[in-house]
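Order of writing sets the labels: A, B, C, D and E. Residues in every chain begin at 1.
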Amino acid sequence: MRIGVYVCHCGGNISEVVDINKVVEAAKLEGDVVLVKDNSHLCSNDGQTLMLNDIKEYKLDKVVVSACSPQFQGLTFMRVMETAGLNPYVLEMANIREQCSWAHYNFPKEATDKAIDLTKIAISKVRLDTPLDSKKMPIGKRVLVVGAGIAGIQASLDLGDAGFKVYLVEKEPSIGGHMAQLSKTFPTEDCSACILSPKMSDVPANKNIELMTYSQVESITGYLGNYEVTVNKRPTYVDPVKCTACGDCVPVCPIDVPDEYNEGLSLRKAIYITSDIAVPHSYVLDTDHCLGLFPLACSKCRDACEADAINYDLYPEKVKFTVDTIIIATGFDIFDAKKKPMFGFGKFENVYNALEMERIIGCEAEGKKLAEVGKKIALIQCVGSRDEQINREYCSRVCCMYATKLAQLMKRSDPKKDISIFYTDMRTYGKGFEEYYKRAQKSGVKYIRGRVAEIEENPDTKKLKLKVEDTLSRSFIESEFDTVVLSVGLEPNKGTETIRDILRISKSSDGFLQEAHPKFRPVDTLIEGVFLAGTVQGPKDIPDAVAQASAAAARAIRLMNQGEYEAEPITAWVDEDICAGCGICVGICPYDAITSEEQSDGTRLAVVNEILCKGCGSCSGACPTGASQQKWFDITQLRAMLEAAL
Amino acid sequence: MKKIPYYPGCTLKTTGKNFEDSAIATAKVLGLKLLEIDRWNCCGTVTSLTQDDLIHHIASVRNFIRVQEMNERGEVDDYRLLTLCSMCYNTLKSVSNVMQERPDDLDKINNFMDREEDYKGGVTVVHLLELIREMGFDEIKSKVKKSLGKLKVSPYYGCTLLRPKEVALDDPEVPTIMEDLLNAIGVDVIDSPKKSMCCGSYQTVRNPKTVVRLGYEIIESARKRGAEALVTSCPLCAFNLDDRQKEIKLEHPDFERMPVFYFTQLTALAFGLKKDVNNFDLNFTDPRPLLKKKKI
Amino acid sequence: MGKPKVAFYWCASCGGCEEAVVDLAEDILTVVDAVDIVFWPVAMDFKKKDVQAMDDGAIAVSFINGAVRTDEQVEMVELLRKKSGLVVAFGACAHIGGIPGLANFSNSKEILNTLYRDLDTVDNKEGVIPQTRTKVKSGEVTLPRFHNTVKTLDQVIDVDYYLPGCAPPPDLIMGAINAILKGELPPKGSVLAPEKSLCDSCRLNKTKPEKLTMKEIKRPHEIKIDPDLCFLAQGLICLGPATRSGCGERCINANMPCRGCFGPVGNVVDHGAKILSSIASILGMENEEAVTEEEVDILLDGIVDPGGLFYMYSLPSSLLKRKKSD
Amino acid sequence: MSKKIIEITDEGNAFLEKVNELSGQVVTLCDQCGTCSGCCPMAEEMDITPSQINRMVQLGQVEVLDLEAIWLCASCFTCTVRCPRGLDPSKICESLRQMTLRKAIDYMDIRDISEKEMRRLPQIAIVSAFRKFTG
Amino acid sequence: MKKDPKIIVFCCNWCSYAGADNAGVAKVQIKPHFRIIRTMCSSRIDPELIIEAFKKGAWGVLVLGCHPGDCHYKNGNYKTLRKVKLLKRMLAQFGIEDDRLRLDWVSSNEGEKFGKVVNKMIDDIEKLGPLDLSYAETEVE
């Protein structure tokens, strides 16, 4: 064994505290060490070249770098090893900067002693290091996208266009998500349905996308490159091919149900189509409300259907398929304003939430009246956001702008409308947002800085009196309004929970799904091959949701386009000669990477799936026999390090 | 009969005697004996809100020690301390919480009171309304002998039963406990948005004007929605909303007086208890004409 | 060349191991035929001086059972070591300390005081404690010194092989003897039993649920034990997963969880610490995110005497060996 | 009326610290959203609003101690259950009152209350007023 | 002879080792008497290894992991918690002081906390002095 040791000065960062010479001399005394050098900047091009040449010239087969933290420059030196033709895992770093010269600059002598010890620890470990190979695994080009809001749609289209097979699963009868409900979109005021519906119809038109609406993911097992998915498809009882969308079934149905698409402000029947822009554009029979199919209690709709598209004898169907990567785009729900009872939502008839107002305005544009909105209108911001009383600390990011939009749209439809927006802070960080805000101010929308404390309904006139301090003039406003709109915040979609449970993705403290790194891996999760797109990761507007969706698609493509990928090389392995198949490790593995397999002689053996294993070592820590060992952290290595440390 | 330690507080022995008598009688019907704790002292009314002010907590702690002793002697069946007055409830309960959360401060207090046995903690404070809820409102319903159906009353919670959150006996924003009770005894319950608005509390001493304004708002808001009387559980609210009606009348000559009941007076009526437990003489606005009008 | 000479000796032990040799039944006869027993204090009348008289290495193999804790035992095992070609640590006590090793949670003074003075059944008003030397009328009598620490055989002398178990089962004994007779021995230092732990051969291993967790700890007397379900799955602590197999699952078949008399396997140094790790890992593992620290404490309260349980047989061979003395 | 100029000073910061310490609140957390003022039953009579009290404390304006508002707070905790920043303004008011009371300056003089009124008031009112308004 | 204390600090790679680095970067001054052994997850550390550290001369052992709920591997730290708690109970039976083994949670941005926890451990251990385990090897009454 020929170990080379490199001690770095880090341009004085280390050498000003640690006596480099002493470290060098101490390292020379260690067995198997054939070369010890120091250098002022090992990570620089010069330093790296020095190492490269030495490895060749002195035929080093293992290397110790005493420098900074392995978390800082570890990758750099591993790359040097690879360039030199050595395995990157026969390199060890002794962290004599963060852990010596910086943490103990007041104790130079002790820092030097410690640097020597850390170097010795690294040497003792590297001696026992064996090359680790990253397994190369084949990976195909199949993706599961869960949730077909704008984010899910965008990701699917990007992937489909790039030639990847997409399974798009949406729990509702139509795709489109919340965007399909919006009137117009800030700050450009494009009609939401007009820009969304072409994208929606692109989905079934794309030959690479297999769309499953009215469906839920039931289980996912496996791993990157091999996720086995089971989807439960609810029957719609209407054959989408035969259904001509004539709507003849609707008037005959005796059942009225609040229409979700209009946020309950209008009614639909038990057989219905979600909206004019629904995709797939086909009717759905809603068994939760239909008088009953089993036994059949009514068959009016079937009798009315001339296309003979309605078939009551259908059952939920399970569809199984395998994908390589997964994108989750299950979106958001709006905050339930009933949880802030002081605003009287659900109690006072003229209090609406913003999504209801989107529908009112949207329908008005089509000539349908969902509700009578008076002249004097107040919008209340931050309802269900930035509020510790209900455990929601975060800002929902879109409500300042959508309130501005709603105000403008109302003002435009009737300039005599008197509109006030009660806000805490106006957050207009996006492109064109401040300009949009300014336009609203110009059009006469009043922005009043003060958080509304409560609303009182006049029992006779049903007008609404707000109590609020205008914190800029420091006076109270107590004024009656015809209509109040609550700018409700965004919260994690309830549908996300099911998928979260299946995949065991973690949540951040706000309840949205947690990205792998807030800056550098904003659409990745900690599960390999699983990505996030859109509001499932946190509140955002449409452009951000779309950008993230494309990013998620690109990240997924990045993995799949290689045709193969490298699995984590630090994994657990089981010594078959010792393992008794006691099964303790099996349940411990957080990634279900271990199975207990019956051998031909009836005994059992733990088998680690190296693809699933993320190398935590929990199993090795718990194994009662020492049969389970973690590569790179073998018990003999840990012992050797302890020995050197003490 | 279940015996529970009971803390009356100063006012229930004087202007609030009608509250105490009707409450004790009501409790009896429900199988509860309120055992007045001996040597009780002021609860320290209004909890200290500064971090370092421990001295004022002592008053409450001493009452807890009495509860502790009664339990050690086996005189009562409950480690909880029952109150009727909302204000005492609020003070005692906050102190009980503080002692639970800050054991170091409890140590300090124990060290300070060298003539007292140490308070070991663990005494919790309940309001009679909570005990009633615990028994179940159906139980109440089963005890009703007399119909009060024609009476339109609006419950008035005020502050101290509902705020802050840590001492609240119900949801601070949408309380229902009094409504549930009143429904159970069969009165016609009128909801008012001002039912948990502050009556001005002790400001009545220094700033009666404010109290008059608030009282007027509270009463008129209830009246507008059809109420003929208010119901409360606090002798201070009763004073501010009832006795101060004199001043309201001076300010608003059109104002008509509205009786204010303690909730226990209504339960006593519904349970058909003897008239004297209600002692309506002590109600500032005599409710008897109203009751008579409603044939109760 | 004559028949190989064999010696048996016992140190701190219950006598069960000697019994085990006798229990070889017919097989003992073949052994007796094949060898020449030159020393066996329990069964035959040879004296120490007979052994002293032998040449060094004259005894082919000495089977020594029991742990070591007195001067006399040290003296005898050292003597046998000198005179023997091979020394086999016979049984759990010699191998890993055994039940006598639990005494290492106390010291010699505590033991003597308890035994001779403090126990309720002791009538010893003067508080006389055994001494190594006592003057009596006829002169001075001596007792061997009682050590503070119980040791395994290999902590005192060099040991060639280990026959584990409390007591070693007949098939392993016969296997060892036959191997010695045939000269087909594994490398020095081997334990003459399988390399895997008990679960490997335990018939209950296949009854384990897929994800083995323990909701709470039960003790054998607290429940009706299901003889057909792995004990761990029933909440009973079984040392089987960490314990070398080869015993024939005697305890398991008697409906009791394994207590570890065969000692650890593999590269495990510390039997007790290893099984502790396994048990702590799977205890309360279901939905562990929701378990508070206080609840963890309550769960762990279920393990009444962790030291005594996890080191029931192996305390002297553990890393810490004994309780720290002040 | 000339405009008041506020200077950020060490004394002012010390005052803020003191209020934080006494109240157990972190007054700088106040967002100045105005919720407390909007729901405060006493605000109508106050010379400045509850949120303004917090503002003055944040800026270290000791003059807040001389204002009537801090004495008008009825400790009704309405603001406490509504403040979106989880602050307890009633505690802030109490600490401000305490700062005066602890200098043996009372806000209320019993002799100002007529005997007739004294007879009429329930004990609980008198005791609590004493607790809040005298040192 | 007054010797310097020796403490072994087992750190998980993701939170506590990063936290230790964070301490270094922030120049938090820590007493130098500790040596870190890094593993991927705190759950890799098993009681046997901790006892070995004592056996080899550590005066104290500090196990650091991610805060509950933050484990990079979802739930390794819960196992660590149970292992260390149970081990502490057992070490008490061996007469080993409770302060010698400690478990704490340090996240990657808690350099300050890392310094505090280690310094406190060293302070407390200094009071206890070295852990003399030689009694088990020598035979003296």
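Structure notes:
Heads up, the rule we're going with is that contacts are C-beta pairs under 8 Å (C-beta built on N, C-alpha and C of every residue); 3 or more make two chains touch, one makes a residue touch a chain.
All values reported here derive from a predicted model rather than from experimental measurement.
Chain grouping by touching, computed with chain C excluded: one piece, all remaining chains connected. Note on connectivity: the fewest chain-to-chain touch steps from chain B to chain C number 2. The chains touching chain C as well as chain D are A. Taking the CA centroid of chain C as reference, the farthest chain centroid is that of D.
For chain pairs B-D and A-B, the one joined by more C-beta pairs in contact is B-D. Taking the mean of the C-alpha atoms as each chain's centre, chain A and chain E sit 35 Å apart. Separating the CA-averaged centres of chain B and chain E is a span of 55 Å.
One simple way to say how far apart two chains are is to compare their mean CA positions; for chain A and chain D this gives 45 Å. In chain B, the positions touching at least two other chains are 173. Multi-chain contact residues of chain A (touching two or more other chains) are listed as 342, 588, 618, 621-622, 635.
Multi-chain contact residues of chain E (touching two or more other chains) are listed as 43, 46, 52, 75, 79, 83. The complete set of chain-chain contacts reads A-B, A-C, A-D, A-E, B-D, C-E. Looking at the complex, you find that chain E touches chain A at residues 4, 6, 8, 13, 17-18, 20-21, 23-25, 27-33, 35-41, 43-46, 49, 52-53, 56-58, 72-76, 79, 83, 115.
Note for the complex: chain B touches chain D at residues 9-11, 14-16, 42, 44-46, 48-53, 56, 85, 87, 159, 162-165, 172-173, 197-198, 200-207, 209-210, 213-214, 235-236, 239, 243. Against chain E, the residues of chain C that register as touching in their complex are 105, 108-109, 147-149, 268-270, 272-274, 276-277, 279-281, 283-285, 288-289, 291, 293, 296-297, 299-300, 303, 305-308, 310, 319-326. Across the interface of their complex, chain A is touched by residues 31-39, 43-44, 48-49, 51-52, 81-86 of chain D.
Interface residues of chain D facing chain B in the complex, by the touch rule stated above, are 21-24, 41-42, 44-45, 71-72, 74-78, 80-81, 88, 90-91, 94-95, 98, 107-108, 113, 120-129, 131-133.
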